[in-house]
Amino acid sequence: MKYSAEEMMTVVAARELRDGEIVFVGIGLPNLACNLARATHAPALVLIYESGAVGAVPERLPVSIGDPSLVTGSLMTTGMADIFQLFLQGGRIEVGFLGGAQIDKYGNINTTVVGDYAKPKVRLPGSGGAAEIATHAKRTIIISRLSTRAFPEAVDFITSPGNRGKGKSRKEWGMPGAGPVKVITDRGVLCASDVDGEMELAALYPGVVTEDVTSRVGWRLRVRESLESIAPPTAEELRLLRDVLDPGKLYLKGS
Amino acid sequence: MKYSAEEMMTVVAARELRDGEIVFVGIGLPNLACNLARATHAPALVLIYESGAVGAVPERLPVSIGDPSLVTGSLMTTGMADIFQLFLQGGRIEVGFLGGAQIDKYGNINTTVVGDYAKPKVRLPGSGGAAEIATHAKRTIIISRLSTRAFPEAVDFITSPGNRGKGKSRKEWGMPGAGPVKVITDRGVLCASDVDGEMELAALYPGVVTEDVTSRVGWRLRVRESLESIAPPTAEELRLLRDVLDPGKLYLKGS
Amino acid sequence: MASGASGTSKVVSMRDAIARFVHDGDTVVIEGFTHLICFAAGHEIIRQKRRDLVLCRLTPDIIYDQMIAAGCARRLVFSWAGNPGVGSLHAFRRAVEAGNPPLEIEEYSHFGMVARFAAGAAHLPFWPLRDYNGTDIPASNPRILQVTCPFTGEKLAAVPALNPDVTIVHAQRADAEGNAQIWGLLGVQKEAAFASKHVIVVVEELVETSIVRADPNRTLIPGMIVDAVVVEPWGAHPSYSQGHYDRDNEFYLAWENVSRDEKSLRRYLDEFVHGVEDRAGYLAKHPGLTERLAARAMMCEGVNYGY
Amino acid sequence: MASGASGTSKVVSMRDAIARFVHDGDTVVIEGFTHLICFAAGHEIIRQKRRDLVLCRLTPDIIYDQMIAAGCARRLVFSWAGNPGVGSLHAFRRAVEAGNPPLEIEEYSHFGMVARFAAGAAHLPFWPLRDYNGTDIPASNPRILQVTCPFTGEKLAAVPALNPDVTIVHAQRADAEGNAQIWGLLGVQKEAAFASKHVIVVVEELVETSIVRADPNRTLIPGMIVDAVVVEPWGAHPSYSQGHYDRDNEFYLAWENVSRDEKSLRRYLDEFVHGVEDRAGYLAKHPGLTERLAARAMMCEGVNYGY
């Protein structure tokens, strides 16, 4: 069965989630991945959105993180001070999903500017809640398509902290969470080194060879000795994505 | 018409309130005074209780500051963090009522201990929200029966700050509110000096002479040159108190 | 700490909840400002003879007076220790004035206690507040310090985070996973629960999750931070539950005489705490109580969550 | 600042509210996270040609993009400047990337903005948060400093209080004194309103005070801090009001093309902002809108406030 890169990324992200976990969700693929996980192995997943919805069960695919469908039927809807102070800073979030225009070898993410901050070539939206998710979630998972532009050795601006930045490790900075443990790309998965937090190629998708990944990363990517090979989406996963979860192709545009 | 000391104190306190003011209310006489003011010249008074009820309109006399009748029909019921941070510290409270076991010449109040803190002769309940009311309300009014025991020159323990304490004036301490501007007693009213914040005899009730007050205060009480004489309760004020507001003599026990 | 959603029920008996989550030496919070004070939990702690507890609460109220008299407490952290609307807590006073039994105290104002819970809930080491200038409060408590504002140079009071081992919250209703809804006075229950390693939610009514989900703004405590749910109607008596029953003011008035004398207090505990097995037994000893205090219906309208 | 209760109505037209409470050079907040963003107020500010405003908001959204394009803003204080779910705010990008028009920016994360409002509301000079370590954010903004915990010695991030001249909050309903009830997403509206010198509440429905008093836990903003009440149904379009109407996603998608070109953006403002007198005129230009977006009914049950 043929499938798209987005479908594969969504499936891989869904499989990362364990039943009952508390997930801080953004819009787009992470949202779909959570829905897929809930429909398969993790029915008790708790979805939290920075907008204030806790335990959301949206009846439609939310078009923004403040979609009314996230509120209706949620377990709790509260103010943003609670979300950032009690849930995130309070250490209650187990998994956070992040993406960004640039991701570097330590998983630092830039969503602020391309170029110089004072005179940017491209002005991006900025942090939103990403800096806090990256700081406080017990672990974060980055999702991004590979390209040398998106994966420079060092990002132009660190919006969300990775495993090492500004000369110190997360531990030295005293950051609570474990940081970005994985980067799910369109060709394989990078995992953070236990030793120094650098991202290493750890798994490949079907039909992908090592060079397909290393050539699309802007630094000399470390490759683990034994690479995992990740199973393609099952027929059931694809059926759920295509027929149930995103039949209007709101997120899976390329499929 | 005869009337009791409590009735007079309640009437004098009620007259201190201006229509539309936001009043932080305790239980007992202040509560009754607010109800009397609402029933006479100040129908738009807003009552706030530290328990979280804002704009309360209790259908019965509340027996505690957390009485359910304060919630039912209130304009807003919220958590105590809001009450202390947004309403009190936020500077939204115009008048606060306070009482205490000991009140000194600067309006410092003790509700903590009689005697030494570590080895108290009498252990009192402590601050509750009184320290914050005294610090943040735009002005406070103290209500207390006179006695040399209740009005020592210096209190055993400053629970709620008055106009001068621990060697500094309110202004030097940087306290936002004006502090205790009046002490309403059972025989007359003391007012804070504009110069140094010391309480001075400013007004007498009908039939009371200066010595009736000065002899019941534990320091050499300053007496203003021209003493106001305060009108007794009107027939209407007494009717409201006795027939409408406290017919069961819950607060006006002595009447 | 409760972690994630079990998908399974957390409903247990009060006996099991206390046995499992309250241990000798623990820092324990039973919160609720006048409203929703869980006397049922306090009584079970007394029955299970817990010792050396650090009891924290803004207003110790009658329930902590009973726990102090029963010898459960090593230390009291509080901001107003009285019988609200009545007068003294005499067991507390005997402990502080005469060391009978010995009791350490650690004292704040209400705002100070609120701030300690807020810091604990937000995983901050301290909370800043404009307070205590010109008072003897900081000198009486070495845990009240000052913090300097990095912008203005102002010195503000600071209190440290309070992170209890267990917080017990009484709620009008919750589902089996502990998603708890409270209306009326909210006190500091949210902050105390989020600050705590473990949370026990005690409810008047166990409801389907669909009831909670129908009005998510009413949820004060999410099930993800709750360890146990105990269904205990009338569990807050003589405190009250808005919409269920009124405060038993007669009881508060009577406590003055019960607690003034050590022996009569002990007789009270013998009969109404040790002398019963659980809350049902307690209620059986109060005939007519539920009729006397049951709330009349004053329903508000619902709102529209549609889109 | 609104002071006390007038006992009289604060209801005025949007034109009068903006004329009276929004002045050139003011620090202005129109809050609402996705939900309840008061476009009607933003349009009136554009019509009244306010200049040199310091616009603050977590997510500038389309409304601030329009105000920037219209030349109202001197400075933008924010944490996420995008078209939510779509992409860029092009007027904002033109201003920042090409100085067209010139715009100062002051940038935080969401938590930083929440914390600034929280400090302002609580009358504290700063708010502490665990944030920004290992990032370039503090170096880009001199108003992010550090504060030292007096108990642990830890260094935390600190942001200064934000106290706007005026905050505009859209609510589902309020009474004539401005006691406002909001359900669904609450954003930072409470903090922003309490932090502000003046507050304008704009409502979908003006209700009797008895409706507010029937469910006091639903009140987010008390009338005592409100200066003006404007009744403006559909005033949040293309944003939404839970229980009244859905978000107009088509509009958000279309904005990408409208705003990408300076001239087409100006044509939009000419037709839909300057070209109408008020919200009624705006709605008249969108036939079928109310039918397309009206919410279906999903009422929750009420609760019992009796005792």
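The first chain written gets the first letter, and so on, giving A, B, C and D; residue counts start at 1 in each chain.
Throughout what follows, a residue touches a chain if its C-beta (ideal position, glycine included) is under 8 Å from a C-beta of that chain, and two chains touch if they have at least 3 such contacts.
Bear in mind that the values here come from a model prediction, so they are computed numbers and not experimental data.
A.B. asks: Going by the contact rule set out at the top, which chains touch both chain B and chain C?
C.D. replies: Correct list: D.
A.B. asks: Using the stated contact rule, I'd like to know whether A-D or B-D comes out ahead in C-beta pair count.
C.D. replies: Pair with more contacting C-beta pairs, A-D versus B-D: A-D.
A.B. asks: Any idea how many Å lie between the Cα centroids of chain A and chain D?
C.D. replies: Here the centre of chain D sits 29 Å away from the centre of chain A.
A.B. asks: Just the number, please: Cα centre separation of chain C and chain D in whole Å.
C.D. replies: Averaging C-alpha atoms per chain gives centres 37 Å apart.
A.B. asks: What is the distance in Å between the mean C-alpha positions of chain B and chain D?
C.D. replies: So the centroids are 40 Å from each other.
A.B. asks: In whole angstrom, how far does the Cα centroid of chain A sit from the Cα centroid of chain B?
C.D. replies: Their C-alpha centroids are separated by 57 Å.
A.B. asks: Please list all residues of chain D that touch 2 or more other chains.
C.D. replies: Expected reply: 123-124, 129-130, 154, 183-184, 186, 190, 214, 217, 240, 242, 246-247, 295, 298, 305-307.
A.B. asks: Please set out, as single numbers or ranges, the residues of chain B touching at least two other chains.
C.D. replies: 53, 68, 71-72, 77-78, 85, 89, 176
A.B. asks: Please list, in label order, each pair of chains that touches.
C.D. replies: Every pair of chains in contact is listed here: A-C, A-D, B-C, B-D, C-D.
A.B. asks: Looking at the complex, which residues from chain C come into contact with chain A?
C.D. replies: The contact residues of chain C facing chain A are 3-7, 121-124, 179, 190, 194, 209, 212-214, 216-217, 219, 222-225, 305-307.
A.B. asks: Under the stated contact criterion, what part of chain B meets chain D in this complex?
C.D. replies: It is residues 19-22, 43-46, 53-55, 57, 68-69, 71-78, 82, 85-86, 89-92, 94, 176 of chain B that touch chain D.
A.B. asks: Going by the contact rule at the top, pick out the chain B residues touching chain C in the complex.
C.D. replies: 27, 50-53, 63-68, 71-72, 77-81, 84-85, 88-89, 108, 112, 117, 120-132, 135-136, 157-162, 164-166, 168, 170, 173-176
A.B. asks: In the complex formed with chain C, which residues of chain D make contact?
C.D. replies: 123-126, 128-130, 143, 145-152, 154, 156, 158, 160, 172, 181, 183-184, 186, 211, 214-215, 217-218, 240, 242-247, 295-307
A.B. asks: In their complex, what parts of chain D are in touch with chain A?
C.D. replies: 33-35, 58-59, 78-82, 84-85, 88, 92-93, 96-97, 107-111, 114-115, 118, 129-137, 140, 154, 183-191, 240, 242, 246-247, 249, 252, 295, 298
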